[in-house]
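Per-chain residue numbering starts at 1, and chain names A, B, C, D, E, F, G and H are given in the order in which the chains are listed.
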Amino acid sequence: MIFKDLDCIVFAGDSVTDMGSAQPVGESFFDNLGHGYVRMVDNLLSAVYPEVRIRVVNAGISGNTSADLLARLDRDVLVFHPQYVSICIGINDVWRQFDSPYNPTCSVTLENYEANLRKIIEKCKEQGVKGIFMLTPYYMEPNRQDPMRARMDEYVAVCKRLAEEYGCELVDFQKLYEEYFSVCHSSIIAWDRVHPNEKGATLMAREFLKHCDFDFNHDFKK
Amino acid sequence: MIFKDLDCIVFAGDSVTDMGSAQPVGESFFDNLGHGYVRMVDNLLSAVYPEVRIRVVNAGISGNTSADLLARLDRDVLVFHPQYVSICIGINDVWRQFDSPYNPTCSVTLENYEANLRKIIEKCKEQGVKGIFMLTPYYMEPNRQDPMRARMDEYVAVCKRLAEEYGCELVDFQKLYEEYFSVCHSSIIAWDRVHPNEKGATLMAREFLKHCDFDFNHDFKK
Amino acid sequence: MIFKDLDCIVFAGDSVTDMGSAQPVGESFFDNLGHGYVRMVDNLLSAVYPEVRIRVVNAGISGNTSADLLARLDRDVLVFHPQYVSICIGINDVWRQFDSPYNPTCSVTLENYEANLRKIIEKCKEQGVKGIFMLTPYYMEPNRQDPMRARMDEYVAVCKRLAEEYGCELVDFQKLYEEYFSVCHSSIIAWDRVHPNEKGATLMAREFLKHCDFDFNHDFKK
Amino acid sequence: MIFKDLDCIVFAGDSVTDMGSAQPVGESFFDNLGHGYVRMVDNLLSAVYPEVRIRVVNAGISGNTSADLLARLDRDVLVFHPQYVSICIGINDVWRQFDSPYNPTCSVTLENYEANLRKIIEKCKEQGVKGIFMLTPYYMEPNRQDPMRARMDEYVAVCKRLAEEYGCELVDFQKLYEEYFSVCHSSIIAWDRVHPNEKGATLMAREFLKHCDFDFNHDFKK
Amino acid sequence: MIFKDLDCIVFAGDSVTDMGSAQPVGESFFDNLGHGYVRMVDNLLSAVYPEVRIRVVNAGISGNTSADLLARLDRDVLVFHPQYVSICIGINDVWRQFDSPYNPTCSVTLENYEANLRKIIEKCKEQGVKGIFMLTPYYMEPNRQDPMRARMDEYVAVCKRLAEEYGCELVDFQKLYEEYFSVCHSSIIAWDRVHPNEKGATLMAREFLKHCDFDFNHDFKK
Amino acid sequence: MIFKDLDCIVFAGDSVTDMGSAQPVGESFFDNLGHGYVRMVDNLLSAVYPEVRIRVVNAGISGNTSADLLARLDRDVLVFHPQYVSICIGINDVWRQFDSPYNPTCSVTLENYEANLRKIIEKCKEQGVKGIFMLTPYYMEPNRQDPMRARMDEYVAVCKRLAEEYGCELVDFQKLYEEYFSVCHSSIIAWDRVHPNEKGATLMAREFLKHCDFDFNHDFKK
Amino acid sequence: MIFKDLDCIVFAGDSVTDMGSAQPVGESFFDNLGHGYVRMVDNLLSAVYPEVRIRVVNAGISGNTSADLLARLDRDVLVFHPQYVSICIGINDVWRQFDSPYNPTCSVTLENYEANLRKIIEKCKEQGVKGIFMLTPYYMEPNRQDPMRARMDEYVAVCKRLAEEYGCELVDFQKLYEEYFSVCHSSIIAWDRVHPNEKGATLMAREFLKHCDFDFNHDFKK
Amino acid sequence: MIFKDLDCIVFAGDSVTDMGSAQPVGESFFDNLGHGYVRMVDNLLSAVYPEVRIRVVNAGISGNTSADLLARLDRDVLVFHPQYVSICIGINDVWRQFDSPYNPTCSVTLENYEANLRKIIEKCKEQGVKGIFMLTPYYMEPNRQDPMRARMDEYVAVCKRLAEEYGCELVDFQKLYEEYFSVCHSSIIAWDRVHPNEKGATLMAREFLKHCDFDFNHDFKK
């Protein structure tokens, strides 16, 4: 597994990352990590690699757009001097265009999304973060003609392009859900096609860990 | 994986199984399965094998001894006509001897424990349950000289002996914790050396799934 | 408008009808009618036709399938000897097939749905109900290829066929939503594509009232 | 209908406007608009004209007099640079004279009411607000000899005079209630003759929308 | 004062009597008497005549009509074998005609009101109750042309006629409020013209005590 | 009665005055006056003299000593420019000597009590307060040999002496309770011999009103 | 110490015994024993004699008189077949005479108190209880001329006389408080002269344990 | 007993001292002292030596390490100018190394623990504190090979060495628990081997009082 003893990973994002974690940032102690994919990643790392001490921090805040995350990056993410940063942002940038169309001030355009994401990545790199995970935003909608799904695909494309350009590790949640919906209906893992329950969070955690050389059958016994 | 489409598994037990599940029995829907190893098993099965429809039922009740479980076996477990039954009972049979020594009526002797367990297994077999998992009781105490650990080891031994006698699948939680404590301190996964947090529940779920031909890297895509 | 002074209308259904109404049945008094389309229908009738005294009863119960509604029809609906009955049932008959596929006992097959609906209509007719409104079940999913939408369309078809066969007034909510989604995204009126907020409830109430000769500009002044 | 795509309307007022809306100002999102006539106006606009994106803001605060509203006009109303402002103020200016006669500091005299209202209108005009709705204060008391009703009529007269003088659109709630009480008793829509329930709120919303070229039967289908 | 040591008075009625008292009946102990006129009567009797031990029982239940009170007279009132019974009933008999006109089953006609009241009085007399107080229902509406006030006046008239016919002590609350409203507005003592606050309750208690030879300046000192 | 239209009376004191009133000061509106003698005085004044508008303010704060009251006199009492001030302070000055003898910093010596009281009276006189009521502290203990009662008597004596010296109206609660206990036991009106229930509050209110030319049988009818 | 390994002691009584214990009876486990003298006795026995397993049961119920306790003696006390029973009853038999003098049905006369106590003792003896503790009722009032104290002294006298007659162990709480009040004021240990805080409970527990050969300095080390 | 009239003792520490006490510091009044050993010490001192007025202050705060306590020593402890200070700190210094090994910033090394403790003692001595009690940290684990117990023993050793060096009174809780566990299992007094219930708190209080010349059988009667 890629993480070493005493490594620190900060997960930055919106409500999908947050999921009720301690505010402004919660650490791997008691129930501080919320109930989403971050908690599941920490549960699996702790249970399978107990001999490796990994500091997991949840820096997700509900409702955040890429603009909100950029504004608090120093205070909530870089302050920990993490070895790894995971970024999952953009859902609200798009969603507000569809559920609050009358208020253009609360969403983020594709152009601004790209600019915000660039600055977030560059700030992480400037501080010497060893590894950056780019987790794509997503909409749990199998129909690509759905206007919100179509719009989201444009943001996902930006996310993938920047991941490649900056050499980040890409975790493609939109693709994951596309595959999942070929065998199951979305109502099993989410009520609103955005916030997964624990089953969905486990699905996401598995996808994340595929990028970490994680071995579920690892033997920690001495 | 051993479970087939539309199989039903009922997890019977005490508070370690229950962990806040719906009462008297909770199913795999919303948050009904509680927050312990049963939930984690269901999360992992659902995320990794979404194409297999498995009905998971949590029939744990806090504070139950083997006597209590036997008394409600028909009503809470066999009523579902499950293909599989998982039994994790005995912790309170022992614990009450140590935290309530002045009240001998609330614990269960080793002799009665064996008798109760036999009847539970036999009733399951009579109804034609396809597979029985025997999950050992445990005490998260690495010191074998600790009197409660020593007593628990006697109950664990009964559990293992009956599993072999009746051809049940044995999941040895006491051994698992023994191995875990060789690399980590118990305070990481439990406050009271009995009730695991989600990290411990994930550890237990992994151990259970090792007995189910579970492949974490299973590819569900068509 | 078709309703006469002292007419009684009972709205039977599931959570979409219920929406927090008093249980088992709530009447047009205080907040007893819940917060869904039934409340909005009552609000509009009361505000626009204050001179006509109409007794509105909400007999919706969350989670009901057509089988559940049939079982309680006498007790919760016919007991009021209503002039009009409105029936909106079937969403859960379908939904459970998709969010709980591992438990076949909680959904209702198409065949049984038709049988249940027939009995409901016939019992109303036997008691001499003057007018029956058939409100179609629906899924707020514009993509007809979505498997749950496709299944729902089969139930909607049954609903329409029976409405015609028995001479009931058909209110086609699925069609209404189809039209609505041609101009707006579903996230404006519902989080989960099933339960509408007040905006959606107003949309549904308007659709219902189109079948009642309702005139929004009616002048009640003497 | 007079409102155009992306228009913003701010409803300023007291508890009758507020009705539990988010504080200090709530927008058309989730349940932020409260449960009074503002919510009903937004419900009807959203359901009937879904293709027009209208930003509705509730800037009502319980207990406000005209003096209170004037003091916070910049911060809570003009800050949105709205195309339209709706003003419904004066009830507490009068009510405190009757329920707290021993404390003259909490009510507002007729003279001051006129001065406050003038300043509110002029500030709106200075900022270039396109349309101003003057909603009269009211007392749901049919008896004109009632001293509080008589006093309220003087304030209503001021409100009407200023509306004419400044070319505002007048919505005469006092007249509406007078007509309503010719067919119904006030206890159907309010407990205290001031705060309407949802039936009363629908009545008020309909009255407001009569001044907006609102067509309940508008066909939004493309 | 008319009450003697160890006399028992039961106050029967609706929400105006009840006002949050213990259910089904509350006695003069702790806060069991509610917060209305019954509590005030007990406060004044206890403070002014502490040397006389009087058992005060509140048998009011919110929402009761004369039919409801008659049905529970044995169980809640006569069971105490009181020396005195106070009856204040009829408000809901009338109110429901105005706030729930669509549901004729929840109000009581004038004819039935008289019949119910007769039976209540006769049952008290049969049991040998020493004194019966008839407290008139009322509506805090000064305008006699108001339709609910006009209807209430008919019920008050029945109440007064029966009091005279059966030799009961009449306490005319409607007349009291009429006098009070000649100097004060109703909003000082009630929000809804029915349920008085403590100021109104004190006003009612004084009126009741005028019929009891109560002397506020009584000197209890030995 | 001595109070004139639009007079303001501020009641200053400790928990006996406060009794759950709004903080820092509550006025005669809704339930702001608490549940003690101040509320009862206001209830009686409002019910018996409704034609006189009297502004009653409760400036009691639980736990206050004379030192605490002096410190906040400007902010909580004199700020209202009252015609009348009522002072009831000293119970905690004494009580803390008996229930917290180990902490001498929380009680007030007799000498300091007199000094504080003098300053309170003089500040009121300087501002031109028309009438000052001195309400004695008290301990509901009939036995004069009880050490806390004996100590309280010394403070009561100071209170009486200063009332005479400065020409204040004296309301002797200690004497009142002495008389009351000659006919009744203290447990009827208080659990802790300090905080009266509503019966005791009514007793105190009557005593206060004896000093105000209050006529319970006053006829307010025009 | 007199208690032997596995002895069971049931403490029967009223609110002073109960003090929030589990209902109907609480045992020495978690917080089930309430917060009064029973808990303190158990705390001290457990801490000083940990090697002796003693089952302590709290069978106190708030508000009980001797009549209430007699009625439930079998169900709540004798059912445990205790070696020891402790009886502390009579406070409410007297108190109700003073705080509810108008309701003679809720107190118990001296004659009946003696009869009830006799029957309680005799039933215990019939069942073979090894030791009975008679704990006197009390009133924390140093003044013997206080009427409630004087009355209580009569009940205490009965209690002492029966203890002697039946050979019970007498614990004289009234005498204990008399001594305590010679050095401290009652407000240190109780608000209402009946219910002690933890300081008072410790005082009572020490008094109880004086009758049990309890040695605070006992050395449990092997 | 060593404490004299009006002495003040401040108990400084972490959650074991705090146990829900008032924050930042609670005194011996009402329930301010929490529910741990400090409360039990105060209960026993108050009940056995009521004639000596002792001011007990609880300055424990949950989660504190020696570094945290040092930082707030002036503000929370020395501000009282106590005659005695009790220090019980170090558990969290060790615990965090075991339950949060991935975050080295929240525990305290042995070296720093000694430095912190020295400064705490020296600051107390500089202010002229008459007596300092050093209460050892502890872990309720009988097995000395347990790694957390072994680490704790190093901290306990520092604590004992400094107590001797500075002439403080040593209270050895670790030794006390060692002795206790020779006769009882830890589950009787604590769930998590750190926070004792009231039985354990009584055990600790007795140990503390052994160092105070406390005589449980002291006779306070004059």
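We take it that contacts are C-beta pairs under 8 Å (C-beta built on N, C-alpha and C of every residue); 3 or more make two chains touch, one makes a residue touch a chain.
Predicted model, so just to flag it, every value in this text is computed and none were measured.
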- How many hops, at fewest, get you from chain B to chain H via touching chains? 1
- Task: Write down the chain pair in A-D, D-E or E-F that repeats the interface of B-H; the criterion is over half of the contact pairs matching by residue number.
- Result: D-E
- Message: I'd like the Å distance between the centres of chain A and chain B, where a centre is the mean of that chain's Cα atoms.
- Response: 33
- Centre-to-centre distance between chain F and chain D (centres being mean Cα positions), rounded to whole Å: 45
- Message: Centroid of chain F to centroid of chain G, CA atoms only: how many Å?
- Response: 40
- Task: Return the distance between the CA-based centres of chain A and chain G, expressed in whole Å.
- Result: 62
- Query: Considering chain E alone, which of its residues make contact with at least two other chains?
  - Reply: 99, 101, 184, 188
- What are all the touching pairs of chains? A-B, A-C, A-D, A-H, B-C, B-G, B-H, C-D, C-E, D-E, D-F, E-F, E-G, F-G, F-H, G-H
- Message: Which residues of chain D touch chain C once you look at their complex with the stated criterion?
- Response: 30, 39-40, 42-44, 46-48, 50-51, 179-180, 182-184, 188-189, 197-203, 206, 216-217, 220-222
- The residues of chain A that touch chain H in their complex are 6, 8, 27-29, 53-56
- Within the complex, which stretch of chain A touches chain C? 95, 98-99, 101, 142-143, 145-148, 184-185, 187-188, 191-193
- Query: Can you name the residues of chain A that touch chain D in the complex?
  - Reply: 99-104
